[in-house]
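The data blocks that follow each hold one structure.
In the two complexes that follow, chain A is the common piece, with chain B as its partner first and chain C second.
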Partner chain A sequence: MTKQVTSKVLIALGFAASTLAIATSAHATDPTEPLVVNGEIEIVTHTAAPAHLEGLKTIQSGWEFRTPETQDLQRDDFDNPGMIGVDNAREAWNTVEGTAEKSCASCHEAPESLAGVRAVYPKWNDKAEEVRTLEMQINGCRTENMGAEALDYTDNKMTEMVALLSAVSRGMPVNVAIDGPAQAMWEKGKEMYYTRTGQLELSCANCHEDNYDNLIRADHLSQGMINGFPAYRLGDAKLIAVHTRFKGCVRDTRAETYKPGSPEFVALELYVASRGNGLSVEGPSVRN
Partner chain B sequence: MKLSFALAAVAACYAGVAFAEDVAPADVQYTDEGAIAASLSGAAGDAANGKKVMSTKSKGNCVACHAISAMADVPFHGEVGPTLDGVATRWDEAHLRGIVANAKKTYEGTIMPAFYKNDGYIRPGDAYTGKAPTEALTPLLTAQEVEDVVAYLMTLKD
Partner chain C sequence: MANDVRPRVKVPKSASAGETVTLKTLISHPMESGQRKDKEGNLIPRSIINRFTCEFNGQMVIDVTMEPAISTNPYFEFDATVAEAGEFKFTWYDDDGSVYEDKKPIAVS
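And now, the complex of A and B:
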């Protein structure tokens, strides 16, 4: 396969990527094989950028930037440490909680009945008149339908439930709506993405649009996509929610961060998700 | 030999009273090209300390973005910026000082952070805590640290 990561330059130069790839790429990850999970779920890890995204021609999952060893952990659910969280969430799915004496299963049967949901979140909720992330929707079900308490936004149980809903959508294309009632939030998220914050004055785009595929110290910069979330981070040995990752990246610009679940991070998530429209849902992914 | 020893002693004396002599970030005079003519601390730089500042994560962390062959003992050099090999052949001391203090005066819109500046930020935090600052911000490097870094950069000749 041609290296998508080097081709941005090569295409600009008008060369066929394959002829020069070897000469120009010091470390670009060249997956030996495309990602197929359990020998059956085909994952699109690069594709043409959606029309709204002017800064990139090709969008790529973070998976393409990881080492072959880390990549391989996602090929089989037995090797993917994130699947332990998914199994925990399957148990929680069937567990009755709250004053209404219901479990998720009482209303939704098997988690597989919600296949496709992950792919379209964050999403406008007509009744609540707000853009909801999956976490917000899960808490919505807990408080409105189950009479249970809301979970903390990045509580492990919450992230595991998001991982379960991602797992049953794997292979489906991310397809987040950016127009209609969600548009104002999307615009806000887009502005955040390109704003240079903190004492280092860096925007998301500085690292993930202008410098992806470059090394920053020991890190091989990806495009900062969220199709693989929740991500099992080997360094932390646990599943990481989207907003936790955002917080870390904002902090690294020596900026004041926003809180997980804040309207700012919801807007940013909507925008970042939409940059990945066309990639497959891949969570729970494995990252270093 | 004797002379340079004497100069070093003078520099050390200066370092002790450096604060009184520092040019405040807001008072720094840049040329149209982005250079700064005189030392920001009033003293000469110490190249050995400059090397330390450049490779220390909580200080300059220059190696995060720049590869430098002369620093092969420091692991993990980045490639977001150009290699700094031979940089003193390309730029004179005044211009290197300007680039370190505020590279945006030389390269409009560059990703390289400004190391001698302390205002004009959007949502600055208290270092890497992610929290709002509780005190006035200080520049990423002190005036003397900028001079030390410049002194080290001046050793990088082709």
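And now, the complex of A and C:
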């Protein structure tokens, strides 16, 4: 793995050490140390690329492209600001809403009973005959089973609930199905991924496949994996949903963006999620 | 009172006498700086936590004055030397007069 970020960080530290007499790394955890959350949940942050993915040999979580300080925030739930959203969602989980006078807990008991769900979404839904993201499924539950109003796709409450479902699946390998009835959506997402767009004529792949680990202004480009979403972005000081991130990326190519929750972004999410098949579910992650 | 304000603290359950322990505190709070404007161009009034204190058995451990530049969900990590068993008391003071408290006992073995 010549392209892994850790080696570069070490080189950078080496330069710093010669002038600053170390000190900076006195308490910082060794950047090559693997990610283990709370000392118990082992997270796979790089692994062999899934068979369908020809452009990459090794897939890496966005976590590997961040600084040691940011990485450390994910090692302990107390230090992870995204867990505030998870706590809020735990409260919402037990809150009765809608005409059926049900809460999430009425059907699903504890959130832990849905461990593993995050890992396989987006997923084909037989009854609705569509590929559903976790957000769509949550709104399905709300409108069909609870008699409650649907939440906005990127509403804080929605993103927090997705974060809760991610948190209980942490450490499990992402494993979204790309064949069967979901295949058409997946192909559509793949085409979007490799299609140049916007005034800058950039495809997703131009940055996240051809140039990952290179600098884009002052930031390391990641492989654009979404196993860590929802992500707590330090600059936004809140949890960010996958589609919000997509929107930001498309905007940066100077194109008109699709709407969060649109079929285009659902297809793209399915495809991008499948590129990360094999990485661990990591959300809520911390990114800059 | 700002919405969803919830203090959290992490204190070891026990320590040996004279040991230095690390305390972590986090409070969820928007920390509105008072310098931002809303969509209509009106100033959003300042609403921050302006002081944080930690006491151990009535003795002050740390007393922090907080300013508007401090980010959302302020986090503090600091050390305290524990000479005897007792109770840490954490207090946050909000601009609007609200006071948030949390207490954690620590045993000495």
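Keep in mind that, in the parts below, the second predicted complex is superposed on the first by the 258 of 288 C-alpha atoms of A that agree within 3 Å, B and C clash if a C-alpha of one lies under 4 Å from a C-alpha of the other, contacts with A are read in each partner's own complex, and residues count from 1 in each chain.
One rule holds in what follows: contacts are C-beta pairs under 8 Å (C-beta built on N, C-alpha and C of every residue); 3 or more make two chains touch, one makes a residue touch a chain.
In this text the structure is predicted, and so the values were computed from the model without any measurement.
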Contacts of A:237 with chain B and chain C, given as first, second, both or neither: second
Contacts of A:202 with chain B and chain C, given as first, second, both or neither: first
Touched partner set for A:262, first chain B, second chain C, both or neither: neither
Contacts of A:211 with chain B and chain C, given as first, second, both or neither: first
Partner chain in contact with A:78 - chain B first, chain C second, else both or neither: second
Larger contact residue set on chain A - chain B or chain C: B
Touched partner set for A:88, first chain B, second chain C, both or neither: second
Intersection of the chain A residues that touch chain B with those that touch chain C: none
Interfacial residue positions of chain B with respect to chain A in the complex: 57, 61, 63-65, 75-80, 111, 113-114, 121-133, 137, 140
Residue ranges of chain A touching chain C (in the complex, touch as defined): 78-79, 81, 84, 87-88, 237-238
Chain A-touching residues of chain C, taken from the complex the two chains share: 4, 6, 8, 10, 24, 26, 28, 71-73, 75
Residues of chain A touching chain B in the complex: 26, 195-202, 206, 210-211, 214-218, 221, 247, 250-252, 254-257
